[in-house]
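I have a structure I would like to understand better, so I am pasting it below and will then ask my questions one at a time.
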Amino acid sequence: MPFQIHAELHYQVLQRSTVLLNLHALKTPNQTLSNEVFEITPGVKWEELPIETSGDNRYIRLDTGDATQLDIAYSVTADIRPQMVSHQSLRDVPVSRIHRSALPFLFPSRYCQADLLGKLAWKEFGGIAHPYDQVVAIADWIFENIDYLSGSTDTATSAFDTVTQRAGVCRDFAHLGIALCRALSIPARYFTGYACDMQPPDFHACFEACIGNRWIIFDPTRLASLNGLVRIATGRDAADASVATIFGSLQFNGMVVSCTSPDFKPLGPDDLAGQAIVIDS
Amino acid sequence: MPFQIHAELHYQVLQRSTVLLNLHALKTPNQTLSNEVFEITPGVKWEELPIETSGDNRYIRLDTGDATQLDIAYSVTADIRPQMVSHQSLRDVPVSRIHRSALPFLFPSRYCQADLLGKLAWKEFGGIAHPYDQVVAIADWIFENIDYLSGSTDTATSAFDTVTQRAGVCRDFAHLGIALCRALSIPARYFTGYACDMQPPDFHACFEACIGNRWIIFDPTRLASLNGLVRIATGRDAADASVATIFGSLQFNGMVVSCTSPDFKPLGPDDLAGQAIVIDS
Amino acid sequence: MPFQIHAELHYQVLQRSTVLLNLHALKTPNQTLSNEVFEITPGVKWEELPIETSGDNRYIRLDTGDATQLDIAYSVTADIRPQMVSHQSLRDVPVSRIHRSALPFLFPSRYCQADLLGKLAWKEFGGIAHPYDQVVAIADWIFENIDYLSGSTDTATSAFDTVTQRAGVCRDFAHLGIALCRALSIPARYFTGYACDMQPPDFHACFEACIGNRWIIFDPTRLASLNGLVRIATGRDAADASVATIFGSLQFNGMVVSCTSPDFKPLGPDDLAGQAIVIDS
Amino acid sequence: MPFQIHAELHYQVLQRSTVLLNLHALKTPNQTLSNEVFEITPGVKWEELPIETSGDNRYIRLDTGDATQLDIAYSVTADIRPQMVSHQSLRDVPVSRIHRSALPFLFPSRYCQADLLGKLAWKEFGGIAHPYDQVVAIADWIFENIDYLSGSTDTATSAFDTVTQRAGVCRDFAHLGIALCRALSIPARYFTGYACDMQPPDFHACFEACIGNRWIIFDPTRLASLNGLVRIATGRDAADASVATIFGSLQFNGMVVSCTSPDFKPLGPDDLAGQAIVIDS
């Protein structure tokens, strides 16, 4: 199903800066792009960095040069084909058989200190038999125990903070989900994307857990519909997948995000009964 | 110059475990291996994971199965060709021209919270003009301000702790060096390896900084000679390059590490005057 | 009931040091002392600091001078009269009526960051109507969720760490209990003392919560019997009530602790049904 | 010299709350009050808590009851007699002779984790012979290395954060000064007060260090003149001396602070040459 996506970022340039942008939708076997347009303040030089490895994020690197404003607009039509997978088909794959490519997603990262959450994760979720059910329980626990509260956290907030402070935004919910999965030896990675019809409109973050050597998507905020997610980037955590990493000094002046599809029907509980969603495997 | 390397790890198996090992020397254009022997307790299944991308670490994954002891021995002859590079030849490459492959090494990671060290790094080292001189100053600052003190830290210790607590081991010294470099927008990565004639013998950790798009090696502990380092692994920090990541429960019973070369002459201050060392670029 | 107490501390003096000791039993209306003997390496000067305010701890301050060994022995007979108080008699006193002297025990302290635990405390315990039942639930939660594990923590470990890391010793259990109480606006303070027949013998730490303007004792480790506790010190947390605060450098060489009473009968669940214990009010 | 002080605090009551206020000037031998007026929204019950120990803060406790607004106004004329003390007269008193009352100000507290700053403090300031000169160096170091930046920190920020993050407000500057002093075995306490002619007008925080058994005032922000400080409260850190500690839910709607004296002349560098300032005792 095709989704119309539009995003804008507006900055004032306080000092000449280099910016790494992560707002282009990825091109994957299950996500096909058309009508992609990227517009930027005239005179600002930019390049799309080459993909080195399958699955790499599409980074745009720009140099503001002498510009005093930085206005960025991106639009694309993304046709995605998320797959429904029956829970029963997901095997319980031990660490000894996890794919090589998933192994780095077992390691702790800046915002996902899985190494510090081991006992908590095992006490809360260790009694659940199957890894899929463990991750469902993790996502439910986060939804029930963490308050979604704009402005309650900042870019230094990590899963170790959130598990105790019990408040955060989508980024924090995702980090905590990832950290708890890794603490149970389930590879987990950060997902950023556009979420169809999400209110309020914004870039969204959630996470994927590797179960049965497939990447299953989970959204502990329950703000997005899992069949309406267009992937921008994947990473160990937000450090890898920030919408804009700024080297220099810019003042943020606002943004616009929209993701719509005329025929979109969010999945309801009945649709999801017994089903997991794979965005790309 | 060829180095004879021998390493052993001994564990008691408390519970069936999967282990990811990182003790094999890498094969690179500047590091050629011969006579490699890997021996393990009979009956323990193991595999060397395939390299997916140039530069990947050589992970051994093993499953203890029913074994009650886990004894691992590794030996190899590694012929390395570190290159001396004149300081003057290292250009000051802005972020807008750093190679794609080095960019992830600008991001904060589990043990290297560069995002929290920005002001400190700029106050201490921001006045130094060239990035090479900045990293030299960082390594000197660490050597002078951090006590090398076995047992003062543990696997949870990060650069944010060490910069204040002022004590640690090679791992902590490397993490702090990496975090300070990244805070200055200099890509930096963790290096683990065998260090010729190091006393006491042990696996060693130090770091590489990307200057002029070349990876220059630094050892803020000053325990190893930079021309006697055989690379095992590279990573964002110790989370990526742990000698043994254990999923299960093993009791560590001791280890042996040696790295020697009959003709080895450590570089002295005179050899290094005006020269930086590149192990692999 | 009288308890025979004996404690020894042995150190090697690495460098002339001043030590603040907190191992003398307090003298209170409910705790009467006799046969108190304090012996110390000959030549070491010491003084008992004057009590300035009712309830102050009895600090011994010593200066090792030229001594190379520091051997300390303390013995006393402490007759204590803990009181049983019916739960029903404990009123729910709002903050607006808490005694002046209890107010500082609402504030966060070094090891009890109540300010960071507010949401967690309210989510877990906020639905319980009476503060006494809240504190019982806190102590039970700690017992059930935190592993008592010697060596798992150190003197830097705080409640904010323990609530996530889920392991610790009596000090950590007490800190977490205190922090959770304060987060619910219940004053709570650290208690150190001798615990009759505790295995293994050691100095013990637990906590008191101010409910109905009375200080009720709780031991989330369940290692000590609440009617067999002889108070050494009270404080905001372990920072106030360390057995030995060392200014200088001593090497700890061992200790002895015993607390016995020929006629002691620990309280059982039946004795405690409906009853809370007040050691001193 | 008499200072005219006026302060207002305005809140909307979101939920019935109890508030502990710390905005009354203290009455001390060197600080005499007259014309004290405390006004509050009609119908709100309040009491001034009795002073239990010499030096206690003057807490006002109020209960908003059914009020929907909470408006507080305080004014007083405070006549203060700060003393100038020659540096030379301040002896170097070892821990073995520090007054009993100063000892708790050696212990780490919520925002002043002196226990974690020991090596840093000794490396930076351990080579300075006299404790007075050490504290001067600490205050200078803070002024030079920490950026005064409104909004850069929050109520969870502690000295351990600030020493690395290198930004904060007066509260953070004071916490770091206190923590570094304690790490050097110099008792130090938090001071809040009204600062004559400070721009912008606000409640101010700085710190006192106990040198030669006298409490010497230091302001590492250099925003206030040391002879124009009227003491409100003293404490281990901000946890003890918050202007308003709220139990319930209030929305802050603004405040007014002024402290003036027609004849006030701030001390200049010449006046302070060789002189330290003692506010009380």
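As written, the chain order gives the labels A, B, C and D, with residue 1 at the start of each chain.
Quick note on the criterion: a residue touches a chain if its C-beta (ideal position, glycine included) is under 8 Å from a C-beta of that chain, and two chains touch if they have at least 3 such contacts.
Since this is a predicted model, take the numbers as computed values, not measurements.
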| item | value |
| --- | --- |
| Copies subunit B and subunit A - interface residue numbers shared by over half, same or different | same |
| Rounded Å distance, subunit A centre to subunit B centre (Cα mean) | 30 |
| Chain centre separation (subunit B, subunit C; CA means) in Å | 45 |
| Contacts with 2+ other chains: residues of subunit A | 116 |
| Overall pattern in which the protein chains touch one another (line/ring/star/complete/other) | ring |
| Every chain pair meeting the contact rule | A-B, A-C, B-D, C-D |
| Interfacial residue positions of subunit C with respect to subunit A in the complex | 116-117, 119-120, 123, 145, 147, 160, 163-167 |
| Residues of subunit D that touch subunit C when the two form their complex | 18, 20, 49-50, 52-53, 59, 61, 63, 94-96, 100-101, 103-104, 106-110, 112-113, 115-116, 155-156, 185, 236, 239-240, 245, 247 |
